[in-house]
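Structures incoming, each one as structure tokens.
Next, two complexes with chain A in common: one pairs it with chain B, the other with chain C.
Up next, the complex of A and B:
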């Protein structure tokens, strides 16, 4: 197991390195540049050149990358020329509320998807099954920027079930006003539920036809026992992978939902930074998402091995 | 009153179009302490009869009609909860494949104790202790440790023992065994059957033994019910049935056993045609269309049972065996059906076609960060043999002996670690890629699982044409003509060209497989278990076709099988492999009749004989246990860990392959079963 982990970590470092090169190169292909953005449309070429020199943007790409990488290895993601703040501090301020929102949504999705999927699988082909399938696909098909405003309009504006939104601009503000998260989380869950419950349903159906299920019935186990002691565990194994792979979503932030509900999270930050050509911040969030992707898939593989006695990591 | 009484059982299975009458009026009974066999070919309804008794029908299965009385209580009238109290408690069931029938993520011990916890309300500890106790009872080595293992950590035989332990945990009065040995290796099969026999005696249970093989039933059942197309066609005490079957179908099943044909020196009989469509069986004798004795009345009326009042033996036939002349003409050989007296002329052996020398294939096992090599799976370990044009070599061995790896090496699907393979004198490894590609034509492969080995979206015309296309043989018209010719040779109608692989039965699909192998006009066909997945009567059809095309084209076969009796029908010589080594090689009859190596002897003994007197009286010297892992194989003679004759020298020194009889009979053993002749000792000294 340990050699496996070491090998995977080395692979992860290599992956991140390649991502950083590609991201760095792509971001420098952007037209205009941060200097014009900072100085405004009426800045003279001389002013822009001076600003670019100060920011180190007049050096070759390779040198810029070298400097960025050296800083990164010292734990420094650079400074945002727009916010005049270090990138790590900016990300740190936003990461909490984003991860909290996404994790809450994922948790609720899984908690709902498992019973819904199990119910559908045990009654496959019934009216219940078809109704739940239709509902979850409607949720899947309708875009977030429609569901979000709709929920806000109905529950905030008309029914007043949820107070009118304050801005959530920190993890602390997210924690102290849970009622503010109800609608964004609901929006996310509506979009995610179809995929997850579908997954549970088909995994359950696959397992239910396995020979060992018949063996369990043959020794006298009744319906519930067969379902929960034998089938469910085996059907849940692939879920480990699915959850692991949604880790980048937790970090990357639910971009659209953050826009709709005015949550200043990581997604919001990335959009703002991209609009203002602040590539130090965009690069930082890109690297963070890449890290989460690599970590998520590693986590999925490790937990799979822990859950399934047949799988050994070597 | 009988312990189990099945009366007029009907079970339907709903399919996409229409319903199949899978079990159609089956009645039989089982007395306490008795073993009753249910025999028949796949699709005859034997397994569904067993599942109907347990009410474990697959999706689409209707609730069975009729009655199933267990001690007078009708199981078909119980509600689901009461039935759950019967399953595992009064009736235990074991299934065919212990790998899939066990839950992969639950320890064996927990799966066994579950039955005890359900039916006895036992606590965790008491149930666990009971699990270990039953595991000991079924002969599981070190049961405490094994109880903590997951199914994949056990060998095939141990898994089936665990399965039996699970069925017996709550001490049922009836055990239903559905093909309990079909998925196991031959030397392990006998161990499991003997275990079931012993347990029945000790625990006083009754057993329903479901099998497709008459040989399996012979030594183990008191009464045999032969099923055909959803019905029991004959029911008789075992000795009576084997002494003289009354129903023509039973007789045909016996005649299709390769061993009987080999013993009598006759060509293998195969039952012509296919069983009737189970969705719409004829309102007459269901076997009439394939019967050798059928008269007009058989095709218009349904024969009632004729019962012998005294013994209870019964059969459903108007013209039982021995009362009527055979009418159905024995079909001609081109369709793969044996014709008496048309045994082809003995094949003229040509030059050496295939020569394998010191062939080795190792698979490295790696560990650690740098994938250091920590071990070797020795799949093929120094195998040498040769095969002449027109000759058939049977290669026999159990799971993991390396026979399939050897086939893949010869065909060129894998590269050997060392050693050479020469085809018609040319070392394949030394050829240029282009020449090697050309040479590939000469060696073709036939697969065991024809379903998996054919593209499901290709019509059979395209399946058979593909080798011609790849090898660029002939033009369009030539290829089309060649395909038609091939189909005729393997006994398939030209209309079959337009069909997809799934539209064929297993036997027909293997004919397509043979046609595909024959397409580029090869000189050698490597057939990897070509008939193992087929029913006995279908096996003999395919074997006959293979035999016919061999004499027609002067082909050679390397015929690979785990089953000595299947090989015997076709092979001129037999080679026996054990854990990557050749342990015996010689003329087919000599190897079978006078095996020199104890392992060959064990394989010969493992072939069930379809004769209860022989089967019961047999003293078996067979190998105990199961093959060890090819990773880190035993030192010296690899068979020594299971050999009854092993002594200290066997661990120290590897016995070389040496002569042990005329016609190049060779074996690798320090203590051969047939002593060397004086002349041989003499040659060896020199």
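Up next, the complex of A and C:
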């Protein structure tokens, strides 16, 4: 296990390194964005040149990358030229509410997906199964940015069940107004649930074709007992992997949901920064998400081996 | 959830698909195409989806011939009017006729979606085939790069590609294509790894066939199924990606705005209850995405037939 872990960690570091190169290079393709964006369209070429010099943008891309990477390795994400604040501070202000939203959505999704998937698998081919399959297909295919406004239109504007959206701009405001999170979380859950319940259904069906299930049923064990003692336990193993691998999707979904419901989280910050050519912030959030993604898939692999003694990582 | 991210890893799904291609067909032998068509036609929803897509193409390209909604003029006297005589879908915040705009924006959505979907398929297939066939460190380097690219949230990549390179249709097509080929490339690489050890590839190499010939004549035709299935799904993803960008306010500027842009404009008036500005473009996006996905799913059953396996029933249902 240890050699595998070491190799996997090295791979993760290499991946992050490539991410940093690609992200940095992409951002600095910007034609004349940063300084021009900061100083306005009427800035003279001299002013722009001076600003670029101050920001270090007049050096070659490789040197700029070197400086940025050195700072990054010391835990410094740089300073935002737009907000005049350190990127870590900006991210710190936004991380709490985003993580809270995503974690709530993930928890509720898993709690719902298991019973739904089990129900479908044990009644495979029935009307219930087909109905739920169709519903989850729609849930998967309908974009988050459509579901969000739809829910808002129905439950806020027409039915008044949920108060009109207040902006959530800190972790504290997310905590003290749980009613504001109902629709955002529901939107994310609708999107995620389809994939998860399909996965549980497939995993359950995989187990149900195994010989040990037939043996258990043949020796007279009752269906419920076979389900809880044998099938469910084995079918739940891949869930760990799924949760690990669904992190990028969750981040992307949260970005849109934040936009729809005026939650000033990490996704909101990224979009704002992108609109204002604030490359330092976009780079920072991109690296953070990439880190989460890589860590997620690493955890997925490792937890799979930890949970299933048959899996040997070499 | 459609997330601009690699699809959920799916274990074999023994519950679905009839495996129509494997059934011995009664009667005279039929061509591969006919059998494939028959397998496709069994998916009623997918057939309906093809119909929906055809309707949208007719609507967007032939609609303007019959319906002359003026989409170029701003009329201050007619802002955000509900549907009524002479304006079947009402007007938007600039007094522009919504039905005419729906046709115009639909053309943008369909063109960008299909073009970038096709482009992504070409890139993904070629990259995967080359990596898989080359093997060794070339393969390792190429696939690690793909892993790294997949770790960048695609929404982020799109956001700054669009924000930085100027907003033209070409930039959007390239940006979306360049961020949506990773999944397909992994599949094609997997296919290629399996194909390159087949006897007929070895035979071709022994007879002096060079790598380009082996790739184009023997490997790529056999991965075509994967490519075709995924092109349909990639087009759905591209339409989604374009709509996301427009929704975030980073889309194409008017008059090249797409359905996502119309939807975003309408969503800004949600609290006022101007439903005619939200639902026509929103539902159009949903219908096109769902249809492309349904077609892709049906094509998968045509190209990759699977037999249902024996599932033990825990209780009679």
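Rule of thumb we're sticking to: the second predicted complex is superposed on the first by the 305 of 314 C-alpha atoms of A that agree within 3 Å, B and C clash if a C-alpha of one lies under 4 Å from a C-alpha of the other, contacts with A are read in each partner's own complex, and residues count from 1 in each chain.
Definition applied: a residue touches a chain if its C-beta (ideal position, glycine included) is under 8 Å from a C-beta of that chain, and two chains touch if they have at least 3 such contacts.
What you see is a predicted model, and the numbers here were worked out from it, not measured in a lab.
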Partner chain(s) touched by A:126 [first = chain B, second = chain C, both, neither]: second
Which of chain B and chain C A:198 touches, first, second, both or neither: second
Chain B or chain C, by number of chain A residues touched: C
Chain B versus chain C as contact partner of A:60, first or second or both or neither: neither
Which of chain B and chain C A:214 touches, first, second, both or neither: both
Contacts of A:286 with chain B and chain C, given as first, second, both or neither: second
Partner chain in contact with A:44 - chain B first, chain C second, else both or neither: neither
Contacts on chain A seen with chain B and repeated with chain C across the two complexes: 209-210, 214, 217, 223
Contact set on chain A toward chain C in their complex: 11, 14-19, 22-23, 26-27, 29-31, 33, 121-126, 129, 137-146, 149-150, 152-153, 156-158, 164, 188, 191-192, 194-195, 198-199, 201-203, 205-206, 208-210, 213-214, 217, 223-224, 226-227, 231, 238, 241-242, 245-246, 248-253, 255-256, 259-260, 267, 270-271, 274-275, 277, 282, 285-286, 289-290, 293-294
For the chain B and chain A complex, residues of the former touching the latter: 54, 56, 59, 80-81, 84-89, 92-93, 95, 97, 100-106, 114-115, 118-119, 150, 152, 163, 166-167, 169-170, 366-369
Footprint of chain B on chain A - complex, ascending: 3, 6-7, 209-212, 214-223, 225, 229-230, 233-234, 237, 307-310, 314
Of all residues in chain C, those that touch chain A in their complex: 1-6, 8-15, 144-145, 147-157, 159-161, 163-166, 236, 240, 243-244, 247-250, 260, 263, 267, 270-271, 273, 275, 278, 282, 285-286, 289-290, 293, 309-312, 314-315, 317
